[in-house]
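What follows is a single structure, and I will ask about it in a moment.
So that you can tell them apart, the chains are marked A, B, C and D in the order they are listed, and the count of residues begins at 1 in each.
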Amino acid sequence: MSHNTFGHLFRVTTWGESHGPALGATVDGCPPGVPLGEADIQPWLDRRRPGQSRYTTQRREADAVEILSGVYEGRTTGTPIQLMIRNTDQRSKDYSEIAQSFRPGHADIAYWQKYGIRDPRGGGRSSARETAARVAAGAVARAALAQLAPGLAIRGCMVAMGASAIDRARFDAAEIDRNPFWCPDAEAAAWWAEDLDRLRKAGDSVGAVIEVEATGVPPGLGAPVYGKLDAELAAAMMSINAVKGVEIGAGMAAAALTGTGNADEIRMGPAGPAYLSNHAGGVLGGIATGQPVVVRFAVKPTSSILTPRRTVTRDGEEADIVTKGRHDPCVGIRAVPVGEAMMACVLLDALLRHRGQCGDGPRGRIGPA
Amino acid sequence: MSHNTFGHLFRVTTWGESHGPALGATVDGCPPGVPLGEADIQPWLDRRRPGQSRYTTQRREADAVEILSGVYEGRTTGTPIQLMIRNTDQRSKDYSEIAQSFRPGHADIAYWQKYGIRDPRGGGRSSARETAARVAAGAVARAALAQLAPGLAIRGCMVAMGASAIDRARFDAAEIDRNPFWCPDAEAAAWWAEDLDRLRKAGDSVGAVIEVEATGVPPGLGAPVYGKLDAELAAAMMSINAVKGVEIGAGMAAAALTGTGNADEIRMGPAGPAYLSNHAGGVLGGIATGQPVVVRFAVKPTSSILTPRRTVTRDGEEADIVTKGRHDPCVGIRAVPVGEAMMACVLLDALLRHRGQCGDGPRGRIGPA
Amino acid sequence: MSHNTFGHLFRVTTWGESHGPALGATVDGCPPGVPLGEADIQPWLDRRRPGQSRYTTQRREADAVEILSGVYEGRTTGTPIQLMIRNTDQRSKDYSEIAQSFRPGHADIAYWQKYGIRDPRGGGRSSARETAARVAAGAVARAALAQLAPGLAIRGCMVAMGASAIDRARFDAAEIDRNPFWCPDAEAAAWWAEDLDRLRKAGDSVGAVIEVEATGVPPGLGAPVYGKLDAELAAAMMSINAVKGVEIGAGMAAAALTGTGNADEIRMGPAGPAYLSNHAGGVLGGIATGQPVVVRFAVKPTSSILTPRRTVTRDGEEADIVTKGRHDPCVGIRAVPVGEAMMACVLLDALLRHRGQCGDGPRGRIGPA
Amino acid sequence: MSHNTFGHLFRVTTWGESHGPALGATVDGCPPGVPLGEADIQPWLDRRRPGQSRYTTQRREADAVEILSGVYEGRTTGTPIQLMIRNTDQRSKDYSEIAQSFRPGHADIAYWQKYGIRDPRGGGRSSARETAARVAAGAVARAALAQLAPGLAIRGCMVAMGASAIDRARFDAAEIDRNPFWCPDAEAAAWWAEDLDRLRKAGDSVGAVIEVEATGVPPGLGAPVYGKLDAELAAAMMSINAVKGVEIGAGMAAAALTGTGNADEIRMGPAGPAYLSNHAGGVLGGIATGQPVVVRFAVKPTSSILTPRRTVTRDGEEADIVTKGRHDPCVGIRAVPVGEAMMACVLLDALLRHRGQCGDGPRGRIGPA
């Protein structure tokens, strides 16, 4: 990953600011012949779109995607796909104050320090609005994966909000689309709704943990030792706005395990190795094993809040700052479709690179000769 | 990061297997004129070297580094620096069984699936022995940083072993070098010694959490949005053998914070902004702010253990496996110098890239005009 | 260079087809704070624009560029700059026949073979229309170079059309902008006009040689041994449509020289080394010396011609083909501003990378201590 | 291509100086399971080895390659292959003078300007000795191509020395290995022998043109528009020491052709399209068509000559310089195996990338349904 591009054979470059005329993604290296139209991308954007519940920013954006290149008669041509989303609801007047002051916990100060210039309107390039472009690119990756790895499925959900985690015993995948939190635990979703109403009214915000799982991942994806699948997933998720931690499988909790407890023992199943557990999160030595690939990441609370915080101005004056504008009280909610999109892009890129080096499919089989 | 190379302007390519004749690192893009000799690298390798206490593998390797290129009359020339370490203590006979079976939790099975061929001796390329090359490259990065960012310092330590974490109130940096665990808490170190003796005798192993902190990092390092400093650190740490989670600053715990609690408030100090906390771990929007850069990562327990585990063979037979060989009961211990090395390499690369795009130092100042 | 991106720190990704809604360039890694607006880019596009004389295609395109991101209040912010040019004059009906047949010498057949799908309208992605995006990106590079290397100047011209080369004794830089051929030799330009009228009426086309010279290039640019400045220029120029050969300095003629003749002898001038000749074309060992960087490239004749040529169809039928549409009788003419743009992009990227690794300016001086 | 690495999926990084202890290549991304041993590499190195006739440098190097990693039981494992060649015949005393002065036409001055430090012994990193590493890497690429594209063959030869070109009517491939010039024209070889004896005795040197042809190249290789096969070949050849021009097919002469003359007309042959000529050199739109890929490059005369040339010293003193040492009177001779090696590496990398994006083989067929 470099600057604003990620991926090697399937390469995504995003561009655009929160309050500029448009933003988008340049998707290069997509396999040719993949059926693709705006209608294949829009539903994924709609899942990330703001203003769908009182728990996300009230900014109203259609997030309508236009395909400007790389598709001919409904199929990808193998050339760059330009995906453009016009910004329509910018209210730049909200941001006059923060051009001079820095929101604690926000990228404002760092952009200023690095570049000596920044677009303060809506956070400019550092806005989570950039993630719309990721979701659009992820939809392209999904379309290609549907052809190249038909059994592969990706599912994200929110597994904790603030200090309140879901109860794994109540995990119900069907529940995820039924509440505004992408929460697989109906009870937790109900509590979170109350909590978030309270926090929102208090002018505060809260963090979250997102889990993204990919099943049906072909064994062999990932290129040790610096193109490891988990290393690339870690970079991909950590590059999402506000993410502060990334875990694979048992994750940070792996530190507390013993070798006997951590070993995912193996038996023979009808279609190959069958694992008795998945502490590895589907990745060993940086290579996918065929088990579900499980990634979790922590999203910090939105730093743009109504509660005053102490800060400094560009001129070195001490000040208090309050962010009015329109902001997500729990930006983690909208990170769910973003995490799914990043998973799709990373897996497709790994698949193309594996196919390049090793040919189609895994090369080593396990089973009777 | 791609295949076996990481970095953009400061690029490190490692090569070599556990039981081959040698391993090493090809370090490209180092600034010219940096004083460098084997004596600048060897001490860092010695910190990672196996066989120094009963808590690490008893394999005896001198890990003596040879500089084969890129240095003339004691200074780097700007051309590739080849660092070679000869393997001397390979006992390949230990590994005959595992050529056919797969250790649960080990990369054996994934390498086989991906490539259809693997070097089973000592884990081949997937061995933690590869990390010696990282440490050597990290020493080069440190030498360059000593010139380019003289105030920068990097310090790693182990902050948890198994379920036992240090007490931050007892954190004493001077303690780190005094125990075989790189533990800043003398009491914790004493408990860990007992614990690990017990686990080792029981034929088991245990995980750990490592923390690496860099102070004096110039503001501005990191290139949003896919070359973010934290994204590159996440990839770098996750690429280390056995790592399953990576955190920046508050890390996974950031999910449980509110916006008011998470805000690192700012006052003016004598030399610029002074932060009242560091939940951000020194990185905002993917860019270093000048606060200490704090990374933690979880290392899973060694999967090569004496306790039998259920597995399958290449031919699909169910079997039990016991790994004799010589292995670290807590591979996290030796991950401390490795994590430091990765931090050094990532920071130097970010510094060179920042200098390339933006010139020397940060471009935006904060203070009276 | 990879897929549709070139450059390392200054990275250009182009996208778009001849007859799609738009085409453009995503320019990443531009230094921040560079004054930039559409008015800085449009004049360069106007130089490349079709339909300006009877010697270029009669397609009428405004080639109006829109900056969609990366610029705030008239200055670059260091984030990706999206440059979009809408297509306005597509007449796709002209291309119905060539969807089934292949024009000899044209990319039609190769795109079909590679991808199994192609956009036949106007050549799709293989159209020289893609070069508009290069010119737009080149204008950004020029703006940045104006700040970072103020003495640097780039000048392209056409030095041969068909078998007729200019007379170097008549070389007059002021002449270049005065004729439709960017020809520095007024006499040659007059002959070419006659020749090209004749060829055009005969339904034929012709090749050309373009020369691009950069003066004031700071010594030190270029990264041996695979990022050599001349290697990157060779790739950049060879990537332009229809280019079949690239030369630096003496170029192919260097083969016929002796070592005594080829040596560019050196004397001391007032500001450093003064060379008595420039067979090297400003590059030694892949590194700029400060002499003018001189690149020439050969553009083959347009393959879309009115004269029937023998070919085959997709179904393997033998056929004759005539390309009606609107085409340049000498596509080399419009390659002049394209070659200049590629030179600007390559030099800026080399400058940023040199600054990254070695700091500002050359490190080794020549002169009295 | 970046710094000292080239290739994307098949990546070659070379390292080492002329008079250091060793030099070599780190080859990453090779397909697994390719039969490989030192005996597969050494013959190619022997072709490039100095001191084999009076027409090449009298330095005596065994150029014995050692495989240090990436191969297990005679087959590649898919992990990095380290190829090391020890230097044995360095006579550094020959180079004391040129540490202060600069040879006109040599990289000495440019390395000094760029880095402010250089290894003057034998030209350091800028020595043509680096090309031994390319040849070793090329042998790995050939071994992989033998599996993946069995019909592919690569053949280099010298087609001009100084102003004397071969007569194409006398082209006899069998002749190439029979004379010290890799010349396919026995008569020309005889003249060249006389010429070069004369030049050598006169303390002079001379340039050459090398042609490398690859037959049996699968259609579809190359990734437009910046990863075009011809663009990558141009960069690869231009990166070879002393190369000043690169041509594909008709090359620079394409400029003098008309569209009717340049068109490679197509008929149906028994196995697909059959071309009536090959002005394109096997590449259209940057993509291989299946015709022979033909590249030529010009090598300038060796700049290290016995005839005195005017120069300056590091301190700015004007001086005359004579290079004693041991040098090739026509460095082009030894560039033949180097050009072949670069062709092999570029084609393998293009093949892996094509397979990654598009799957095995070309996707579009030409012929009856």
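By definition in this document, a residue touches a chain if its C-beta (ideal position, glycine included) is under 8 Å from a C-beta of that chain, and two chains touch if they have at least 3 such contacts.
Everything quoted here is computed from the prediction, not taken from an experiment.
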{"item": "Pair of chains joined by more contacts [C-beta pairs], C-D or A-C", "value": "C-D"}
{"item": "Centroid-based (C-alpha) most distant chain relative to chain D", "value": "A"}
{"item": "Chain centre separation (chain A, chain C; CA means) in Å", "value": "38"}
{"item": "Between chain D and chain C, distance of the C-alpha-averaged centres to the nearest whole Å", "value": "25"}
{"item": "Multi-partner residues of chain B (each touching 2 or more other chains)", "value": "2-5, 8-9, 14, 29, 32-33, 78-79, 114-118, 125, 223-224, 358, 363"}
{"item": "Sites on chain C touched by chain A in the complex", "value": "2-5, 9, 11, 13-17, 20-24, 26, 28-29, 32-33, 66, 68-70, 72, 75-82, 84, 114-119, 124-125"}
{"item": "Sites on chain A touched by chain B in the complex", "value": "1-6, 8, 14, 102-118, 125-126, 130, 160-163, 199, 204-209, 219-220, 222-228, 230-239, 241, 243-268, 273, 276, 279-281, 283-290, 298-305, 307, 309-312, 314-318, 332, 354, 358, 362-364, 366-369"}
{"item": "For the chain C and chain B complex, residues of the former touching the latter", "value": "8-9, 29-33, 78-79, 223-224, 352-353, 355-360, 363"}
